[in-house]
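Each chain carries a letter (A, B, C, D and E) given by its place in the written order, and its residues are counted from 1.
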């Protein structure tokens, strides 16, 4: 508990200079709904950072702000700034951010349903003139299953297959920072394991920097170097993965652990608990 | 036999022009999900653009066509920029309404600029007849078929294989996802409108050549609907099949039966085909999984 | 209450005009309308009617019937004493209303049934009806074909297009013409009429009578030329004009136009006044076309009714109607038919004679003028 | 039948139901507890060249929570879609048993029926990607769950006063009870499209309950939730099953949830059944571990 | 406890279901009623005739909105269905000499049946495919109306005798005035009936089909039935409007029911606001008034300049196009939404949120 900073915005930034630095951003939707309230976080080059938080906390919104998708949902960054690789990208258009090396793999997969797997990958490398054979080989080597599905129409793939495709597509842009929004959503345990394995491999083998949102906190903290916990539009806790895994609140609310290991779902009672940091 | 051959040639050339008009429609629909009710007006603008460059500005034909194409493309981009871009992400039905407003506006602009009477410009295509198998076949119509075939072929290849073609289809599927891979949705939309205006220019010029350049050109746009539905709203090759089917049906009906039915024949055909294939002959089935 | 409030006061006499200036028939509609406005301007310049000016309440209805109905009410409300309409749609839709409101009505729709005051007492048809034009055309064809002819009747696929057909059949029987007449509806908006022509060809038709507007008729002419067919078009009224010749270009040569209104090049005495007026406006009748004169003299006929009513010091619809019925022959200086328009209490058929023209070197050249069906 | 339950005795359960004072029976199945409710036999489903299901057979018994697990693309959702009539298998039978008021046993062949007819038999479901009526309020969504129990008259609806309003009140009471059960009071008039994801999942469960299900099908009810939210959802599912006796078929990827909640598990892989049994049997099944579980657990 | 709470629920349902709840809403309703009552005494009969046409359009637009806005089935066949209603009622009243209320009622039923028939493709078609299939129904219906001589009086169009019901007859002097009250009653009833229907199970099933038809079928909504019913109900309203139009205009000709009419109705529904009964009313008013007001406004402005006055109609059309475009750019969700927004604005004022 002691090492965990409760006020991350004021906390000194540790480690190498951050590749992505979000400085106190505020996001509003529809000109009325304030979702992020002065959120700050930093993703150091070459690291894996996990962003945790309950539903509706604003995790996806954060990634949308970084990748420039807010405008499509009547949202905007109304305060603060987003710095990527030393450049203030707060108001870049999305295509330019992709070219700068930011790649987002959206929540809910969002593959191009009517395109084949191969065409999806071609589209993924759009900013790089369609990609070369090497790019395809890389993706197919990480996801051999995709190679078999090459000519299938993406819309009819199963959820897990679509998720692989979505990550593969994001890789086609050869990003410097890969942002993954709930990559394990709806995936079978074996696959979750595999996908997190891939992410770790990618990070270790290619030095790719990763920012990952995850509900499966255990898995995320296993591969992450650093973690942030987001509640109601603010960072409430941050720390190294190890620190977070030991934090009792994180254990109870995110890792589903009682005092003695994992709790049986049948033992859960009807009462409302309150997170101590709120 | 010669009658049949004749009707076939006329049917094909009508169909080829319809396919060109429908092509623009499909491009816009496919990339932006917008049903463009101003397609007939784009045809109209196309016809008058050449009149403007060729007759009013007295440019040599080739230059007139090039300048005309530039104007058409610019118009497409301007329409996209001013009218449709602000509506990205809105209910498609509202966007349809905007194109209806656009149709009224474009039509009125042509009337303000050129009046309501037909304008006269020299023909571009040679109109001497060629004799073939005992039939008198008009050369201009044959040329229309050839030109349209080439244009449609190029567009089809572009859409299917080129990176930009794939990008347009990607945008059509999921705009947000397209943004995340670095495709500029705005540019894609502008491209779709520019290409649509360009194909409408070609269609309008050809149509003006074999009929007349007058506000009536816009009415031809209505026939685009049965064409695209037959072929499938989002299928580029479908426009060719749809166009030719409608062109031939209308001509055979008026050649062998009551020509009045040629007007609703396409619609009856359309309903029959839709009952068997709800997404047209080549349309993409909407992917619905739960 | 409806029916010309301002009628008896001093001040301008209001006439409503429902015009197609932007709709599907606006190419001719705007010329016709300009002619009417031109006449009003000229007349007012001449001192109006008995010192009172005519005020044109004119609006575009774009050939949209509901709009025509609205404009009608508007004009009535503003105190119009008579209404000038335009097409078949508005004329038909308004006929029961003008009857109820007692408002004299003229338009460019020359359907035969409008000439019967027993049914439509307030409709006045200044020109020979479509049926009369058709009768003249048939007579001419029978003669030109050497007593025998196969005729294809291409018509707009609507009541307007079909209007003269039954009368034509009756006429053929009555007069014992050796004419074989087949009717073919023309689909709107077609890019060619080759299908129809090949049907006409297998019928053996040498003559194509067209009851439609000039654009589709010109397309038929082009298709005949492209197919090298030995067929002669006989255009009635709405396609028998300069537009047909301009649009069809050299394909128009040799075809025949049945047109009750004298073309601009005819030099009839009635055109002098128009030309004079247009010169002052920086234009000429040759530029404005024959539909200008058509509008001009249609308005003239109506104003003659108004003049009669003013003489009776009763500017009501009834009075204008009576005046028109008793005005005797209204002189048009040869601008229409045999030169005059005349209505009676039994017949609102203003004239029945028409001219027959051939297209020669891009001009309408008279074959016969002032021909009435007989 | 249930492995571990804090409310093992029937009397205790009944007492709880009584103290909560529920007026309406949620469970509409009168099949005896433990007897077969749904029998899937030899079901095969193809999409063009893809075999989504081949010769799948299993039985769901009244009162159970029956989990279906398997790798992605194994055909779990397709199986559920076949049961609720959205897909029509090329081969095989799906039989639903029921007992009428007069204690007659009936068997319904679901393959031949349309989705709304199947819903009318009491088969209710939720969807993998929330499929709520986004522009409608929560109340309207739940009232739509009552749709098959309501009379549909255009004229009465237009007149409103009289039968239409009476009917509305009657069914509204049922809906209020479901709202109470799932603790949705705060959102009654909210448009469901704007509700938080976890709440939407609950609304979907509620809408299914409003059908008065004989069989409840849940397709990944806990996907995208964190541990805390999963616990809440687990509690609701257990309440529905234990307190109200609704038979539930559950697809879920979280093995903790599956193992804790279910009475029986069927495992699919590439459209085939590769395991069927109690949770402890399944976690010991090598095929299942290899194809699906990996090192988890 | 539980008995008590169900008791409170019971009384609160009624309050919940009242169409208007707050005092401001009652006040507004009162103002509208007063406005409608004094309206015919404060404008001349030309403007009253426009109001009357708007009232008819309101009925048609409310009907069309049930289909497009609430059920999500786009229809371009409105003109055709208006024609069916108009011709049916006119023929029954004129030729079969049925009393007007009965002929109108029959026209409603006939149009509903025809609408349901042409709605059958909707069972297989989705979205824009359907829109264009309904375009086909428009073309086919108008073709039949144009070709079928039975629908004419000889060579003249079908005329309809001045409306008389029992001993009551519309008089020439009070024509617009009397019609105003009739049409106002009909429109008010239609609006009320539509709002009621849309909060009943039938209406909810329409919206369910619109939002998510697969889910709708899985919870027991018979999607086929809902779609056919929506087409029938919607066409019923449209048929009602068509029948009233026939009696009001006293002449029925196919030329009043062109595709243009269908498009204008779709425009009313969209400009007003999809899926809102009030929106349909606003849309009908807006789309009917804009062209009229444009002319009123532009004619005096243009009178001076020659060039302008010659292309005035075209300029009017251009402005009309611009108004529609500009409006939708400004508020793509329609007038109803604009109204809601301005209400919110004043509620939150001076705060932005």
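Methods note: a residue touches a chain if its C-beta (ideal position, glycine included) is under 8 Å from a C-beta of that chain, and two chains touch if they have at least 3 such contacts.
Per UniProt, the chains are A, D = ABC transporter ATP-binding protein; B, E = Branched-chain amino acid ABC transporter permease.
Computed from a prediction, not measured in an experiment: that's the story for all the values here.
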Subunit D reached from subunit C - shortest hop count over touching chains: 2
Partition of the remaining chains by touching, absent subunit E: one piece
Centroid comparison with subunit A (C-alpha atoms), farthest chain: C
Between the pairs B-E and A-B, the one where more C-beta pairs touch: B-E
Interchain centroid distance [CA atoms averaged], subunit A/subunit C, Å: 76
Cα-centroid distance, subunit D relative to subunit E, in whole angstrom: 42
Mean-CA-position distance for subunit E and subunit A (Å): 49
Centroid distance [mean C-alpha coordinates] between subunit E and subunit C, Å: 37
Residues of subunit E touching at least two other chains: 147, 214-215, 218, 313-314, 316-317
Touching two or more other chains - residue numbers and ranges from subunit A: 156
Per-residue multi-chain contacts in subunit C, two or more chains: 21-22, 26, 157
Residue ranges of subunit A touching subunit B (in the complex, touch as defined): 67-69, 72-74, 93-95, 98-99, 103-106, 110-115, 119-120, 122-127, 129-130, 153, 155-156, 169-170, 172-173
Subunit D to subunit E touching residues, read off their complex: 21, 23, 84-86, 114-116, 119-120, 124-125, 127, 131-136, 140, 143-148, 150-154, 156-160, 164-165, 167-169, 172-173, 176, 207-208, 211
Contacting residues of subunit B [partner subunit A, same complex]: 88-89, 163, 166-167, 169-170, 172-184, 187, 284, 287, 289
Of all residues in subunit D, those that touch subunit A in their complex: 4-6, 47, 50, 69-74, 128-129, 196-198, 220, 223-232, 234-235, 238, 253, 255-257, 260-261, 291-296
Interfacial residue positions of subunit C with respect to subunit E in the complex: 1-2, 21-22, 26, 59-60, 62, 64-67, 69-70, 73-74, 76-78, 88-89, 92-97, 100-101, 111-113, 119-120, 157-159, 163, 166
